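In what follows, structures are represented as structure tokens.
Consider the two complexes below, in which subunit A is the common component and subunit B and subunit C are the respective partners.
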Partner chain A sequence: MAFNRSLKAAAFASVATLAFVAGPALAEEPKQGGTANVVIQPEPPSLNLGMVQNAPTQMVAGNIFESLLKYDTNLDPVPNLATEWEVNEDGTVYTFHLKEGVKWHDGEDFTAEDVIFSMDEMLRETNPRLRVNLDHVEKMEALDDYTVRFTLKQPFGPFLGLFEVGTVPMWPAHIYQGTNYQETADDNDPIGTGPFKFEEWDRGSYIHLVANEDYHVEGQPYLDEIYWHVIPDAASRAVAYENGEVDVLPGGSIENFDVPRLAEMDNTCMTTKGWEYFAPLAWMWLNNREGPLADKRVRQAIMYAIDNEFAQEVVWNNQGRVATGPVNSVTRFYTDDVTDYSYNPDKAEELLDEAGYDGEEISLLPLPYGETWQRWAEAVQQNLEEVGINVDMEATDVGGWNQRLNEWDFDMAFTYLYQYGDPALGVTRNYISSNIEKGSPWNNVAGYENERVDELAEQGAVAFPDEKRAEIYKEMQQILVEDVPVAWLLELEFPTIYRCDVKNLVTTAIGVNDGFGDAWLDR
Partner chain B sequence: MGKLSFIARRLVKGVFVLLAIVILNFLLIRLAPGDPAQVMAGEAGAADQEFIQQLQEKFGLNQPLHEQLFIYLKGVLTLDLGWSYRQDEAVATLIFERLPATLLLTGTAFCFALTFGVLLGALAAARVGRWTDSLITVLALVCYATPLFWVALMSILLFSVYLGWLPGFGMFSVGAGYTGLEFVLDVLRHLILPALTLGLFYMAVYTRMTRASMLEVMEMDYVKTARAKGLAPGRITRMHVLRNALLPVITLAGIQAGQMVGGAVLTETVFAWPGIGRLMFDALLQRDYNLLLGVFLVSSAVVVLFNLVTDLVYTFVDPRIEVS
Partner chain C sequence: MQKNLEFWKRFCRNKGAVVGLLIIVAVILMAIFAPLLYPDSPWKLVQRPFIPPMELDGYWFGTDTLGRDIGAGLVHGARVSLLVGLTSTVVALLIGVTLGAFAGYYGGLVDDGVMRFTELFQTVPNFALAIVLVAIMQPSVESVILAIGIVSWPPVARLVRGEFLSLRSREFVQASMVLGQSNARIILTQILPNTLSPVIVMTSLMVATAILLESALSFLGLGDPDVMSWGYMIGAARTVLRQAWWMSFFPGVMILLTVLALNLVGEGLNDAMNPRLARKSR
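Right, the complex of A and B next:
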């Protein structure tokens, strides 16, 4: 019964996604050929996705490597290297049927052995984010060359959401198995199954990918080649687009104040789609451990004091949405049935009085990611000072910011994190007490502890079916929003700006990170 | 013989200076908060203590500082500059891949600055008090006072965006497949804006320095004597005034030529010029210690070398100076 249901669901998801992907382009027959010029910043340290998980690596290498599934913008899984999948009745056994005839870029066949090697051996070692999630898996087996079965220790709700290329890229076992792949992984010869093959990397200048003529999707890729241009200065990146030297500015490539100007240019389109899987949520860490911020009322006062609508309209040029709590509204199991912290400086002052805040200095670390973040921190500082909070803004660079957070040496600090489509993958990690550990800016840095939240987070990950998970996560969100362990700010949107004659650029929930297989040029 | 022994002594001294610079930089960079493992773990979007420890072990950052320094010095003495943590490549390879681009940019900027700086300075001094002098002085002041990044962006906007005459970023047209003379011309087109941007500031400095120095020399008795002897004014300016006035300019140019190699960070960043200035800037942000130290070492070596060359150039310009 569950077997059939899941198949139907998968089939429905596939058809829905194909409709989504093909929808706007149905009237137009994709044209073959052409070159896409895209900006990449910063320059990736490596293209070995799997060994390195940072954003620029994923943006380029997501077109070289692939995973078993893709996700549409509703976060429904879509077939990719796996054509079908089944889940047993209690959600503990997942069976994937792999696509036959898929070749690695060196001509070898892609098989179940590659899946087992990638997930059970290599990624367990190299991907700390995945490692935690794979702890739910009891065993992985290759039933035959094209069938893989995962048996979980208990149901793990977000399991089907793991197979995004940046999280679970497939790696060729025939090259790396039995070697010390930390040493053998060659930046100048990444071998994947994706629509594009690595051609050349002139460090400091560009990365060149060319079409994979043996790609497993009939007719794709349409483009002949892609050049990723390394342009370190944000203003220069905007100028490179204005000049016609690049066709695509992926989200976050330019400062927000340049977005409206470029968006008005001829033959220019803009989309905020393609970030649904990551669902970036910005907040301020509040150090719950000591000082005024240990008092819940002070933290609530901070929430009331911050004018997020102003930040959204002015600092972010009307991009993004005001956050209502720990879960982004595009992430699964979001609820807005939580305490409302709309801008209310009077209420903030009342709470501060009640808490007996005496004007003690509270430090604020902006995120050292450019002008927008600096301006945002200044706006928040002004909001907080208006209600009487004595804020001392401290400048750091990326290295300093990491260390200050790793060592818990802060009062308030800007950040933003990805949610990966599911609270169990990208939300609870920031609030559960077992994740309070020095040495990471991405765990429960605030030091928030609540036994009930710990229980709910644990239950939510393994509950089955989804209705039960929704109930659990609703309660968790309500408690968190009441306790304000951090000050949630905005659900960020990073617009992708591109020439309108670049068609089908954003077709999945991770946008340009795996989008060039579908893209074509109407020139 | 005297000159050779001078060069040998200066080179030996230079090696000690470089060693001192390496040790000092090694210690200073570690005073900055954060280490490469933390930055890289941070970039991964998720990390735990185990992952950071893995990286620290891989990079040897878990060893005591003095041992790390010893290992690094041992490497440097055998011309091994170590491994870039972030770029996963030998530091020497990364630097020598990028050095030609920086030398081309700074060399062109330097030649432009020195040639036009001295010419304009000499012209201004020769026409002191006239409109030519005023024009050059104002021009030099503007070039000196305008921030480099602003000049860079405005020049891109004007010549690249509005007029479309010159490319706005990179060192060559990516994907154009030019070879031979076509490639050289393509690089030259890309070079014009960054080289002029970088050179304008230095040109202003040399203009002002040459002008001031020449005006001072013009008041010397031997110049008056030359005039009294009835020598042509042009010959007096060229042979008697300019040559003597050039010494302070050469001193400054020698120091700045070395500095420019490591100091083109801003120009390289704005124009996406793939040189070592940018490599250094990225290495600093990413706490890529080995790469940063490698770039420091190479740029320090260039400074030491240019100082030596400057001393030798003195002897050609002014035969009264002996290096030995």
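Right, the complex of A and C next:
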């Protein structure tokens, strides 16, 4: 039964990809040639995706490296370096069949050995987020040169969702096996299997990639080269687009209020697609440990008091969606069957009265990521003061923000995190009690503890099949939303702005991060 | 009485100074009556955002990116600018006059020590030092005042030292010494009053500089995040300059007027207090 279903899913996925790739191709024949000029912000520290996972590194290196799968905008897996895959009946054995004839940029063959080296040896050491997930894997083995089998200790629902290029990039064993990875991290000669090869990096100015002639997808890439331009100032990036220096502004490259202005320019297209996998969700940490915020009713009052629609319309210029709970609506297993906290200041005041809140000062730490976030904090501060909460706004820099959260030295603090498509990968980490630990701003910083949530989070990760997981995660979301461990704000969207004659730019759930293999210029 | 009258006569001879004085009085009145003019917090989101000036009754200066009343911001901002300008100048005077007096009166090694210390501060650019100080102390009204005070005292110290050096050898001071007055008494009652006029002139200019420094710090986001100030308003609005000029224009005008007025008044004071010098320069 289960076997059938996953096969069907896989078959459907392949058909979907075919349609997806073939669709536009039928309508318009991709043209060969041309240069893409793209903004990268900030300048990545390195392009070695295996060692460094910064957002800009992922964005540029996604052209050079690849993973076994890609994900369409519904988060269904589609083939990439793996052409087919099978799951056994109880969801514990995954077998991947690799594409034959794939070559590394230095001409060597890509084989199962590279997969085992990348995942079992290197990434386990260099990527802490992946390491936790790979703990579910009992063994990885190469059955032959083009078949890899993963045997799991127990079912792990999100397993098929791991093979995104930023999380599990394939790494050449023939170069790196037996070396000290951290030392080689600074090399700037990355060798991958992707559609583009590294050519030159002029620090502080640009990164130049050129087409990989031996790319394994027939006809791709269409572009001859890509220049990633490093422009440190947001206003200058907008200007660079306006005078035609760059053709693509990836999400987050310019300030929000510039978005509508640029989107109105001639030959300019905008898409909010391509962030489904990351599904950034913004919220305000509430320190559950002490003071008024230890009272659930005060936390609920805060949820009612915040006018998220105002923030979405005014602060974010109509980008994003109002969040309903801990799971982004584009992440798997989302449910909207939870308590509704629409803006309701009267209800908030009632709850505050009930809780006996006496006007004690509550501090608010904005996220020091620029103007939008500062304005947002000011708007929320006003919302809260309107219902009688005494808010003291603090000022900090990125280092200070990190430190305050690491040390739990805050009452309320803005943040946003990625969800990686699955609650087990990017949601439960912020709410389970085993993740309460000083020293990281990305774990259960609020100090929320609920045994039932711990149980559900654990079950949800290993339950099989998906229907069971959906049930478990639904109950978890209902409990969380009732308890308000943090104040959820918005599901963020970072629109990609580009010239309309750059075709097929965003085709997958990670958008520009999946590289420019499909993209072509209609000029 | 007669002396006061003469002082005012001389001050009023400088038309610019009178205009400056009027502007300052207006700003002070605005600051005092801010809670009456705009009883609500200037942070309050009162109307839809991006309303241009003169378009909606009661919002003559328009609203900002979040729908806050710019008029309220201007009036409440005056309080912060004046508060920071005045108190930080007092801080600078306390440090500067004390050190300058010691150096000038005792001379020798004390003078050398204090002056080297002063030069240490003078070699570091004011604004850079102020940024570092505020960043270390965490932005708040107190830290901004302290930082501006700390970076603005060296010129005062040099001025006071110079005056003390020249006054110390004058007959009336030597007479006091012979009479056996204590050093403290000589410094405070004999010399200090005689150095006041240049210090007062300098003070009005220092207040102007302090207001500019405060605005610049707030502009960069280093102001007290709970306090509405002109610099903050410009900083927050600079990004939408192309869509909404009024958000940065009005606070900009306020800073310009206030600082200009203080400079004019300083010039007038100079004329009034050093009549001979003033006449020579005419």
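What to note about this one:
Convention: the second predicted complex is superposed on the first by the 510 of 523 C-alpha atoms of A that agree within 3 Å, B and C clash if a C-alpha of one lies under 4 Å from a C-alpha of the other, contacts with A are read in each partner's own complex, and residues count from 1 in each chain.
The definition used in the following text is that a contact is a pair of C-beta atoms (placed from the backbone, for glycine too) under 8 Å apart; a residue touches a chain by one contact, two chains touch by 3 or more.
As the structure is a prediction and not an experimental result, all values here were calculated from the model.
Subunit B and subunit C, once both complexes are superposed via subunit A, fit side by side. Of the two partners subunit B and subunit C, more subunit A residues are in touch with B.
Applying the stated contact rule after C-alpha superposition, one finds that A:122 touches neither subunit B nor subunit C. Of the two partner chains placed around the shared chain by superposition, neither subunit B nor subunit C is touched by A:330. When the two complexes are overlaid on their common chain A, residue A:397 makes contact with subunit B and with subunit C alike. Look at A:378: by the touch rule set out above, it reaches subunit C but stays clear of subunit B.
In the superposition on chain A, A:235 contacts both subunit B and subunit C. Once chain A of one complex is fitted onto chain A of the other, the partner contacts of A:49 are absent, as it touches neither subunit B nor subunit C. Shared-chain residue A:351: touches no atom of subunit B or subunit C. Look at A:315: by the touch rule set out above, it reaches subunit C but stays clear of subunit B. In the superposed pair of complexes, A:68 makes contact with neither subunit B nor subunit C.
Of all Cα pairs spanning subunit B and subunit C in the superposition, the closest are 7 Å apart. Annotation: subunit A residues 235, 396-397 touch subunit B in one complex and subunit C in the other.
Only residues 41, 43-45, 49, 65-67, 135, 138-139, 221-222, 224-226, 236, 239-240, 242-243 of subunit C touch subunit A when the two sit together in their complex.
For subunit A in complex with subunit B, the residues that touch the partner chain are 35, 37, 42-43, 45-46, 52-55, 128-129, 132, 182, 187, 202-206, 208, 225, 227, 229-233, 235-236, 239-240, 242-243, 245, 396-404, 406, 417-418, 429, 437-443. Interface residues of subunit A facing subunit C in the complex, by the touch rule stated above, are 235, 255, 257, 261, 310, 314-315, 366, 371, 374-375, 378-379, 381-382, 385, 392-397. Those residues of subunit B lying in contact with subunit A across their complex are 32-35, 38-52, 58, 86-89, 94, 97-98, 101, 153, 156-157, 160-161, 164, 167-171, 174-175, 269-272, 274-275, 278-279, 281-282, 285-287.
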